[in-house]
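One chain, chain A, appears in both complexes that follow, with chain B as partner in the first and chain C in the second.
On to the complex of A and B.
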């Protein structure tokens, strides 16, 4: 039974996952790809070339998305490190309220929140700027990082910090040499989540960026509406490949015996 | 020159009832003092106050007469070993051991040399380049010990360092601690709930109950001269007989026993190991064996002497069965009178 599942199930699963990418791949190297043809009738390197052409808005979109997602990951990690510690390790008055407020953005659609605070974004000159977009993305990203770090800290034996203190380490040394190394795998997972949330965000970017800040999802959407399907396909690739690479690099952290989170159990 | 520790009126409360109340304790230079007590008695809290991991509400902690209350843990000249090894997972065993030296700014080569030396001393040569998690629990605790001692602290604090180990390892690591402590001559404060551990290791034992120090003295005194009924009970004394003291003589269900105690009601306490079986013509009280328990190395017996139960221990080879008529002698030299309800 298990052998059968392996022989039939695994190819089915992989096929189901990978098949949708085949047309994408074909489109992204096509000039002409009329309906009944199995393969593009005329090929072109133009769509993929746009990804590395400094003049194209595609490359600018790639850069914009990367800068914003990295900034979101960095800031969300900093917030998550401290908020996660407070929530994971300490009992304090109003902890449930803080937990609720932190997690509220997960429940409340980001668009509702952003519509509400857009007035302030405009007033403080944050609308139509990358900084504004980063802030808006943080609304969505911080709860997840905080959740991850909360569970990481809840599993941290803080006596290890006391042990370091009694061995002569001042607080900063304890943080740098003991605590951060201990929570680093969890922090990497949290930062990855934040990066991915920002990377794929569309509505918030559109609302706050006002079309001035063009990230990959925005460009993709614009090209999907146009007739330039090859460029849309190339953009879709640009959107998919970095997260997949990141996931592949960090999969060790998401599963397995030493994973910082329970994840999906043992690998 | 070893350091002397003085705790003066140490009190720790978290708003409510004190966890540690008005504790006075002196640890002479180079000696090992055990703070003994059941869990929740405040002994670990006391140790944490000495380490600087918490601030006492009142009182003082002095090293060589100077208060250390103003110093954070890292500036106090001490090292602490906890119940679990708490090795830093991101560092090799050698780096773990050398951590304290690194914090003192000792160079890499010197650190390595002294770490290896310390690992030798805890009988763990050849593990320097392994990672935590690749060693057994007993080995990790020995690494933890090496890490504490490598920087030659003036004060060593041990918080139940053996209780996570199984019985055989516990004895092994305990003997190692005793040996290292004597060699280094480091003033040591040791917290444990195990009276045997305290008895074997300590020069002086302080028994804590409910946040208060009940009795301080050499281990033997707790068996021979308990200060109260609770102290006697904690050390496993099974025999406590209520009576009255008049003019240096205790009178009670076992007849008369000469004692050194003030007049008034008094409970006669005697260890079961001290009670002897004697011949019919010797001084003693008649009774009937009510029950016996074979413990492997000895036989514990309960003897009913006209309604009063006397516990005693005889050698495993002594034939003794329930129902036997015996004569029981309670040697006055091993008796102590404690206040009733104490």
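On to the complex of A and C.
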């Protein structure tokens, strides 16, 4: 019975998880893929070729998504680097309130927040701009990075900083030469989460970007509604490959973290 | 700020804490709390920079008497609860299977986690091309002679029940919960099971009295995150569901993008309802865990269990 569960269960589980990628793969190499056919009747390299074609909207989407996600990761990392220190190392009144405030955006859906703030974004010229989109993504990204950095700093041995200071190192040098190298792995993980949150975000980009800021998810949705399904499939792959590669590259860093955090890279 | 004359002028601890926290507080208080507050205000009819209609409870009163909204609420709860429950059960089964898998374990665990960084919109697109009426599943059914035309295939997307939406959530969230369960299982549970086996405990008893107590806190805390997400997600039901009746986030956006600006308070009221429901569930969870899980800890004989499984939620 147990052996059967193992022999049947595991392939069934992994097969089920991989199955949805199959139609994406088939469509991404299709020119014609009419209904009853199991495989595309005519194949084409056009959809995937659009990913590297400088003339295409697809490449522009890739650039837009990357620029925004990198900006979100950079800002969220700096904010988390700072606030994480206070959370991880300092005892202060109202700490539980701050922790609660940081956890709230993790569970409260983004749409509930952004509908309200959109009026101000429009008023102050942030709507329809990349800056505005980055700000909106930060609502989701900053709490994650700060919480990650809080636990990273909690494990930091501050005596090494003290030693550097005693030996006469100025504050900036202590930060750059002692503290940063010590927290760097955790910071990389935090930055990765921030990048992933921004990378996959749809509704906040739609609301704040107003269709002017065309990231990959927005293009994907547009193409799914059109008849050009092969391009939609190619866009889906453009969205899948970079995060999977990034996660593979940082998997060694992640191994040292709380495992559930690995799943936080979703918006 | 107090600056002393001596060269190693370090600010008082309280000021330093505040300075360190301030960028994060600007984001959380300014954007998150500010956004929520504006949403609440707008739900009462307050519309800054627009000719207002005066404060009232009209939007909420409207929701209460709206049959469509009532159906949306039920649909949203049904989808979120079903997705969360199925994901958790599958995740526990998957974690146990993965743990028991012999040689291919590392590769299997890797494949299991592959979809974690995949955006939900991509998952929804994949489900559309897999489960849609002319999707891959329908083509396979046609190939084996079960259906003749796409219309013969039972609708799994744009359906009244929300099967496609649930499928996408389960697909994405099972590995998410599973990874947490695997982490909880890695902390010396095998030794406890071995001891239980030596003492004559059968497979079910080992699961019920050794494994389940270890993974329950992890599963519970993660299920809260999953429920909150599936309750408030927009793009998945937008792509895989019906526009009517749709889950609450879709209805909120529909009302928000209505050309008639008087629908705005209605949109905001729905957004507030979403936020309140999710907050209440989190609150209920923390009250429950305080009561149910805390007393279990100091009991002798259980304290030696290594590693609290998770504090993620």
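The rule we apply is simple: the second predicted complex is superposed on the first by the 237 of 267 C-alpha atoms of A that agree within 3 Å, B and C clash if a C-alpha of one lies under 4 Å from a C-alpha of the other, contacts with A are read in each partner's own complex, and residues count from 1 in each chain.
Simple rule for what comes next: a contact is a pair of C-beta atoms (placed from the backbone, for glycine too) under 8 Å apart; a residue touches a chain by one contact, two chains touch by 3 or more.
All values derive from a computational prediction rather than experimental measurement.
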If touched residues of chain A are counted for chain B and for chain C, the larger one: C
Touching partner for A:107 - first (chain B), second (chain C), both, neither: second
Partner chain in contact with A:18 - chain B first, chain C second, else both or neither: second
Partner chain(s) touched by A:59 [first = chain B, second = chain C, both, neither]: neither
First (chain B), second (chain C), both or neither touched by A:79: second
Touching partner for A:37 - first (chain B), second (chain C), both, neither: second
Which of chain B and chain C A:222 touches, first, second, both or neither: neither
Contacts of A:168 with chain B and chain C, given as first, second, both or neither: first
A:243 touches, of chain B and chain C: first, second, both or neither? second
Shared contact residues on chain A - chain B and chain C: none
Parts of chain B lying in touch with chain A, wherever the complex brings them together: 51-53, 72-74, 76, 78-80, 82, 84, 86, 88-90, 99-100, 103-104, 147-148, 151, 157
Residues on chain A engaged by chain B in the complex (per definition of touch): 157, 159-160, 162-170, 173, 177-178, 181-182, 184
Residue ranges of chain A in contact with chain C within the complex: 2, 5-6, 9-10, 13-14, 16-24, 26-27, 35-38, 78-80, 82-83, 85-87, 90, 92, 98, 101-117, 119-120, 122-123, 135-136, 138-139, 142-143, 146, 196, 199-203, 217, 220-221, 224, 229, 232-233, 236, 239-240, 243-244, 246-247, 258-267
Interface residues, chain C side, partner chain A - complex: 13-14, 16-17, 20-21, 23-25, 27-29, 31-42, 47-50, 90, 93-94, 97-98, 100-101, 108, 111-123, 125-130, 134-136, 139-140, 142-143, 150, 171-172, 174-176, 179-180, 182-183, 203, 218, 222, 224-225, 228-229, 231-235, 238-239, 249, 252-253, 256, 267-268, 271-272, 274-275, 278-279, 282, 310-313
